[in-house]
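What follows is a single structure, and I will ask about it in a moment.
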């Protein structure tokens, strides 16, 4: 049967390496890091580096979920506000009923998971693009955040929770930091690295990960071979809301009060981190390490500009350029992966394609 | 041995009847060809067999047991595998991941259990070689293979996972002559391995090369049901191309060109 | 469900929760005067500043028996439509912010032509007369900035950092300009005000980059708190001053973590706008003698915080 199928050596290493989603982002992160180390003297310290990591982690944690969801072929525009929703639900519930904060944290978790479930269920049930469904959720949450906070507290900021029961414990879990050789390391950085490692393992090494790639790459093909598409996608939406809840908890326990209007706009930062990290906008391709690097690029540039003493007004423009470059690189990589170019380029015998 | 038997099976969507009165049987080691023009009801028929649609009339029996499939997973567990023309594989995923998709080997049952990647690569490579398919690199995205090659991988996958019934949905429709030949060879190989094959096509030439039984559908009904020794390729082509309608059309065209 | 209920019972009565049965009655409701007044602002939902403007307006409406219709939109075009709506629904008076005077001029003109008195509040001090608006209650952003700048200059400020938390806001830029007019070496920094964590790390980065910063000028109450966090994480000795007040910043002023606050008294802006419209309708009065009535800058510092703190906690200052 060799008339139709090629025998030959495996692809050269360069091809395999090039086809990895995070390779473009890693190179870019390296260049940006070196650039700011050279341009900004204040950047060259352990303390600065960990400030950058902290900034990256607050975006990066939710971006992991958003990245997984995008690999699974869906969007979540409500990911930015749900962070604020989570914190508000926790603080206002506890304040109103005068209960322990950890009960509120758990109720808030249940509520966020429920929102994720509703997002996923509506998308799967109606077949309406997730872009529209979660745009709806985004507005609902944004309005509810403001409206409910106003009703409960009479203002648009949540009550201060720092004197309530359970605060020290939860602050320790979600918003602690420690000193490591003279630099302040925030717990979120470790959580971020941990979640990234976990997501990378799940994606590459577990059946669930295989299914995520499959439902994003071709949901109908996946369904035809028995992959539970609905369950997997709903699970991904719930993962996003879980990670949103986690960052919401961090924000709440670090700042003690929340502005009800906050979080809007961050959903795009998550998507940017995922796309810059090599996640394909149309699904089926990407990895968690790449998303982590995407978030790191975000952290480095947003603060690097400040460290260099430049006008941060330019930051968004820079971010846009990064996004466009990333999209171009992704497009090229995808065309490599889906065409027979790899076969033709390799020294092996060309086939009949 | 009869694997699947359908008796007067039909499917209605409210007042609309997509399919009605279909009776057929799929036997081990035989290729049953289902022919028909676009809209004849072929895809409704295979969706019922593969579990994507539930039938609303008649009986579907697998190994003599009457069933209504509610998901592809259920059909798969009864050994009925379907290879769809355009949805056979997930293009961006590696060959071995595609091969094991939906039936991954894991090192445990807990949710985060690792995949047995090395083993899956080896098995996929071996199984493909066994069927005479040699992929250059089992780790390349399957999208880099040609259409015929992808169909073949999908067939090899179904055979490996113990399919007893293999439903092929228009496997040659988008392929060139040479690649169609390859796919037909694997179809024959699956038949020889003792599988019951359901071969959906609108090409009577391809059907006649491998078929043991021919079913021609028209507007959701069986127009012709015949064994290979009862019908010639010419008759089949005639039937498929429209039979009497074609004669009438030829007549009409003659008049207009006068 | 039973479990949840049990947990709630068991853990009830946490510290720092809602104070039950709060004292609600402040001021007596006046008789229904029959007037309807529309207040239209450019409030971006979620800014606690506007809570106070609104609280003041509502209290005034209650005192005078006015039916108050509040609406808001940060988009200039939509705010103009809201004013037009108020005119169409034949309200008796309109109080509006004039942050984008040219965009609102048309709607304001239809109102004045229809004989509806219009007062301005909060923003538009340079333009309200041109638009035919009879009274104005607010503070002069540049003047407030200058006052703050002069005060820190007197305390020895050399290199203040003015933190702009909303991109492209004219009034925030004006405040920073005011500070700069008093302390020439003032630097502006743009931050993402919708993300506290981002504000903190950006400020932290700036303080590390430039240790010579000796004052952080926050232009909104929540930003002052973020600045405090940023200062904690580094070893900057910069002092913090802020525009506007909320409970936490007031507490900060009391504790000495914030030097002082430049308050423009939003409660009074809302209160005076409604009250003056009422008096104008009822009695033909006008206030200010043709000049803007300034509600700020009013300094809140260690000397007067003791008196002001209860009002802040009450949500009226």
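Letters are used for the chains, namely A, B and C, taken in the order the chains are written, and counting of residues starts over at 1 for each.
In the analysis below, a residue touches a chain if its C-beta (ideal position, glycine included) is under 8 Å from a C-beta of that chain, and two chains touch if they have at least 3 such contacts.
For reference, the UniProt names are A = Xylose transport system permease protein XylH; B = ATP-binding cassette domain-containing protein; C = Substrate-binding domain-containing protein.
Here the structure is a predicted model, which means the values were calculated and not measured.
Chain centre most remote from that of chain B: C (centre = mean of CA atoms).
Chain A has the C-alpha centroid lying closest to the overall centroid of all protein C-alpha atoms shown.
The mean-CA centres of chain A and chain C are about 34 angstrom from one another, to the nearest whole unit. Note: centroid distance chain B to chain C, computed from Cα atoms, is 70 Å. Mean C-alpha positions place chain A and chain B at a centre distance of 40 Å. Of all residues in chain A, only 1-11, 16, 19, 201-202, 205-208, 210, 213-214, 217-218, 220-228, 280, 284-285, 334, 337-343, 346, 348, 351-353 touch chain B in the complex they form. Against chain A, in their complex, chain B makes its touches with residues 50, 52, 72-73, 76, 82, 84, 87-93, 97, 100-104, 106, 111-115, 117, 131-137, 139-141, 143-146, 148-149, 152, 157, 178-179, 182, 185.
Across the complex, chain C is touched by residues 40, 42-43, 45, 47-48, 51-52, 54-55, 58, 94-101, 103, 107, 142, 145-146, 150, 154-157, 159-166, 184, 250-251, 254-266, 299, 302-303, 306-309, 311-313, 315 of chain A. The touching residues of chain C, when paired with chain A in their complex, are 4, 7-8, 11-18, 44-48, 50-51, 167, 189-192, 194-198, 201-202, 204-206, 208-210, 222, 225-226, 229, 233-234, 246-248, 315.
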